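For reference, the structures are reproduced in the following blocks.
You will see chain A twice below: alongside chain B first, and alongside chain C after that.
Let's turn to the complex of A and B:
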């Protein structure tokens, strides 16, 4: 438990640092005037620039600005949008339901990917250098080298309703989806799964591509351990060796990798959201970037870093559950 | 590091198992590419300061010489034995040369204004030409020759890709080696900072920077390169950490050599193997990042273009049947990234020459 407490503290420290870094990146690289020009356009009155700069705290020193922003964050206020179409609207309202929709979009394929990647890697390791292993390794390697965008475009083109009748002919997510809010969204996804099969499958494939090679490698490492040889020597069946002796220890590195790949999965989800027009954080970020809406992108980046830290923490918890040694050793 | 990559699985059978176990020992990995002429298993000191090329260092004296020729030659031999990696190098060279110099041989007019008077539009159902003798890869819906556009966009995609990878490696190697070599509180601070950067999803970090920076080639190189080095830094730090306490580094210190000398003469040359491998993967990653940006409409601003923007534009026409806007480019692209991954794997094996030569 001390180990987990230590990791939690570490996570909190990381988050605090991330908030400083992400805040400084846009605020130190441009001047308040440049931001005001970008947001209000070049034809606005000079007084409007001044008002905008003052209202958004841009005329203070950066520690003051940061403190103001952090104080707001701690009180659930994510700042005001710079988007010309929704100028001054609280970012919290803009992000709102998008966050939960993205959450429900990312989590199921990630769990499914682990459930696919672990047996896949295990079987590959047991059939090492056999046709199955070669085919799977090649497929995973190609998948790993395919840009998410291209994968989505190809899936949209070829996995159509005529091939897979459960799909919706539209190919992208229903526009009604953006009116469904947080808690109701899982039910909405279940009832309209014909829209969500493809984007979730795309995320599943990308994540499997990243994970199964590690599972294969880690299972290969485990296979040459002495206790596996002993188990085989005493006549344990292949399936018993596979599930009793190899599965658990080789899962440990995969859990670490999964924790570390949360940022990669989120980046991949961004592109899939854009390709399938899924109303989530990804699309909002892209739109906000194009409109120089710094507060919105800042808030989203911070939320997703938070998700990453939580993901790493969950991976640590899983490690403790899978690997009993960690409970006693802890880490300095 | 104890993970066997899919490109180069453990080859051989039970007879090689002991050999394979040896590979898995942490020490075997730590001593990777230190000196191929000496077998560290028997506790021999490697010659002081022999850089990988063998130039300038002491000639190897004593010990078992397990292979012939210089280390570079040995590594080259192992690398050349890997047919797939050699094919990947050739493929990457061809694509790079074609993108940079292809327009000397095949030079259609890519100007959007000239498109109207060009031969791309025809009376077919979708209104523009597919693959034909005049346009080997067909045309885009805007009336621009696809092959010419692949060369043009490829030139800028590759420029951004190669230079971003260079930026990534420069930052990552410097940061990691300083952190690992200095150690102490500086190491703690730098690595905590690195943890923070690693917790920010890469693409989101790039988008955050792009809210304030323009989409010029230089801007994108700095953004992609500047956000890609965190993993490399961590890798290089581990490498520096394991190299700085080796006997030869201690010997330099004992003889009064400065820290700078140890870094330049010993740590840097000896960690080049890890760096080269990481650099190859960095190239693939930065090209993938640029493609993602292009697809999101945030790639190189017009009149320049990149492969991601082409995929975005092609995806709009794909549904009406113009497969030639996606497939040729897609295959060229996937093979290119695949090549970087294969070469990275092969390099890693080649640098483990000492382990393979047994």
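Let's turn to the complex of A and C:
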């Protein structure tokens, strides 16, 4: 508990620091007048620019603006969007709708990737330097080194037209997905599965590529440990050695990576979302950044920072549960 | 139908603000539901289409020297709600708009302070149920009044004249107040406040029983997609069965689909999931001649589509930073570069633009040269008929012009107090010409254009540093004044709904969009001549426009004219009937006969 309290306090300080830096960066690089011109267009009257600047607290000092924003945040108000496409819309609503869609889009492939990558990496380690290992390593390296955008284009080009005509890349027709959010989205995905197969498959393949490499490397390290050799010397079966003595400690790097993946789950897989026109956090983040939608960018950054802190905390806790040595060292 | 990537409608109120002033909002939603008093453009004509307009052409009188426009409204044109209840579109509908314009002009996106409606309107009179007179405070140009001022009027139903949901039609009194009445400003401000609030509540749009369901156009809004309270771009329109104007829709519905990227839209086109969309020039067959015309080209690689050039009644240019002290814009006042104030140097720059080849090579003929200066080349008009663009590509002419003013191989050879400049703007002996050109990154065709022009200008002896920036940076630098700049290109200018190209907002000293601080008393006088230029008859006026204003604005080079890129549009071969857009970008799917 003491450890958790310490980490929580540490996380809160990080979030505070991130919020100040994130708040200052756009204010240092953009003037209130530029924001007003961009939002209202160059045909607006000077009085409209002044009113916009005043209504959005942009004519106050930075500490005043920061306090205004922080006070709103503490009361659940993330401000109003500056994006001309969603001008004046509460940021909370925008993020809420997009985040749930990204969550339901990213979580299933991530879980599937873990279920594929762990046994794959384990088996590769077991069959080290054998034909299967070479073949799997080649395939995984190809996936690992392929840019996400290229993989998406290849999949759209071939898996939809030449090989599997029944599949459609999401975004070609079914843009109504944007209007479904929250708990209804999983059902929508199930009923329109043909549109989500390719983006989810792309995410799965890219994630497997990374995780299986870490799993293989970790398992190779574990296989040469004394306790594994002892287990073998005691006559334990191969499956017992692999699953009882190698699997658990080998998953620690994977757990670390998964902990760091929590922000990805909330922020969406940016490139894949863009390529498949998936209406999630990735596209919202890009659009908000490009259009100087400061309130939305601030909110997203803070949420991702929060997710990073929580992800790391969860990873630490999981590692304690998985590896008894960490638990022991923690107690000492 | 696909929206162009990143663009879609998000505002329905036809008393649109500056931020809602967009093709998507006006042309692809509002005019389909609510007909403007005068409809401009059809096919390749930019002229007013009287058969499509609720208003008849005005008659003119000048009692006491002040021009008065009197127009009638066609009987039988109505607003219809979802229950089939009709409200006549009449004088009150027009006065409702004009009263609101009088009360809250700054909230209307096309308002130009000091010009036209409402600043130059003395009075608006309801002659009878179908006739309105608008009296101006001088003897203006009739062309300008009808094409730039009356063209802004969007009649509004009295059902909108309320200050709270549930109130009875007309209880806001904005539509019934006298134009100069004591209460008109307060009443109309209250009505505008309510309507603007409803406009910001996007969830009310697709409720055909709400106030937005009072339509006077051929279409009704059935679905308006939302996500987290913001518009998604999913938009479905169905025929307005109560519409009693000309040209009724033949299709059951028009569905608009949004795309965030060009790649996704091209992919959808390839798969044939949309009937009308947009793709980059590089993905389609090159047009045989500039402007993309010779339409109905087979589309390369996109399957069952024909491709055609889009048109726009506007022109492209770079702002020039004149840095004059009279500028209303802060940066322009802070930077003075004598070379920019020399017309001959600006003319030499135009000689260095190989516009014909840029349109052909970089735009694959989906574009037009700046042959008419402020008057677009396509669609054709008689405004610039016979006017020859004086700056055909010629390095030789550019060098000769510079040499005639003392610049030899890019170096000023004249001595004395003024050198190669003037008393107000001296250019010292041995000076060279160096400029920066800030433009928007992300368009490969335009970047190649800039590189070609840079090389040509260097051959003339003008050194141009190119500075590709994001849109945010350009706005920050050029419109707000955060950094030094010499030339700055950010989009272009589209004449809508002020169709007569008088450009007072761009060229007049201190005008709202004169971001470079151009300051020329003669130009101001010519602009005033085109807008307030007396009682010219229609046929008599245009030669004056041409011989005076147009040619002067060409040779003065107040802005650096550039060719205009007109992205290609793709139309499915399954669509029969006219291409459903006007040259002014208004979407007219009611002309599609079948699919």
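Please note the rule applied: the second predicted complex is superposed on the first by the 298 of 332 C-alpha atoms of A that agree within 3 Å, B and C clash if a C-alpha of one lies under 4 Å from a C-alpha of the other, contacts with A are read in each partner's own complex, and residues count from 1 in each chain.
Criterion: a contact is a pair of C-beta atoms (placed from the backbone, for glycine too) under 8 Å apart; a residue touches a chain by one contact, two chains touch by 3 or more.
If you're wondering where the values come from, they're calculated on a predicted model, not measured in any experiment.
In the superposition on chain A, A:298 makes contact with chain B only, while chain C stays out of contact range. With both structures placed on the common chain, the touch criterion links A:245 to neither chain B nor chain C. The partner of chain A that touches more of its residues, comparing chain B with chain C, is B. In the superposition on chain A, contact of A:290 is made with both chain B and chain C. When the two complexes are overlaid on their common chain A, residue A:263 makes contact with chain B while staying clear of chain C. Applying the stated contact rule after C-alpha superposition, one finds that A:221 touches chain B and leaves chain C untouched.
Using the contact criterion defined above for the overlaid structures, shared-chain residue A:7 touches neither chain B nor chain C, since it reaches no partner.
Touch criterion met: A:274 reaches chain B and chain C at once. In the superposed pair of complexes, A:30 makes contact with chain B and with chain C alike. Within chain A, the residues touched by chain B in the first complex and by chain C in the second are 30, 34, 153, 156, 171, 274-275, 290, 292.
Interface residues of chain B, counted against chain A in their complex, comprise 2-7, 9-11, 17, 20-21, 24, 192-193, 195-205, 207-213, 284, 288, 291-292, 295-298, 308, 311-312, 314-315, 318-319, 326, 330, 333-334, 337-338, 341. On chain C, the positions that touch chain A within their shared complex are 6, 8, 10, 17-19, 21, 106-107, 109-111, 113, 200, 225-234, 257-261, 263-264, 267-268, 270-271, 273-274, 470-472, 475-476, 479-482, 490, 512-513, 515. Listed in rising order, the residues of chain A touching chain B in the complex are 10, 13-15, 17-18, 21-22, 25-26, 29-30, 34-35, 128-129, 133, 137, 140-142, 144-150, 153-154, 156-157, 171, 213-214, 216-218, 220-221, 224, 253, 260, 262-264, 266-267, 270-271, 274-275, 285-286, 288-290, 292-294, 297-298, 300-301, 304-305, 308-309, 312. Of all residues in chain A, those touching chain C in their complex are 30-31, 33-34, 37-48, 81, 83-90, 93-98, 153, 156, 160-161, 168-169, 171-173, 175-176, 178-179, 181, 274-277, 279, 283, 287, 290-292.
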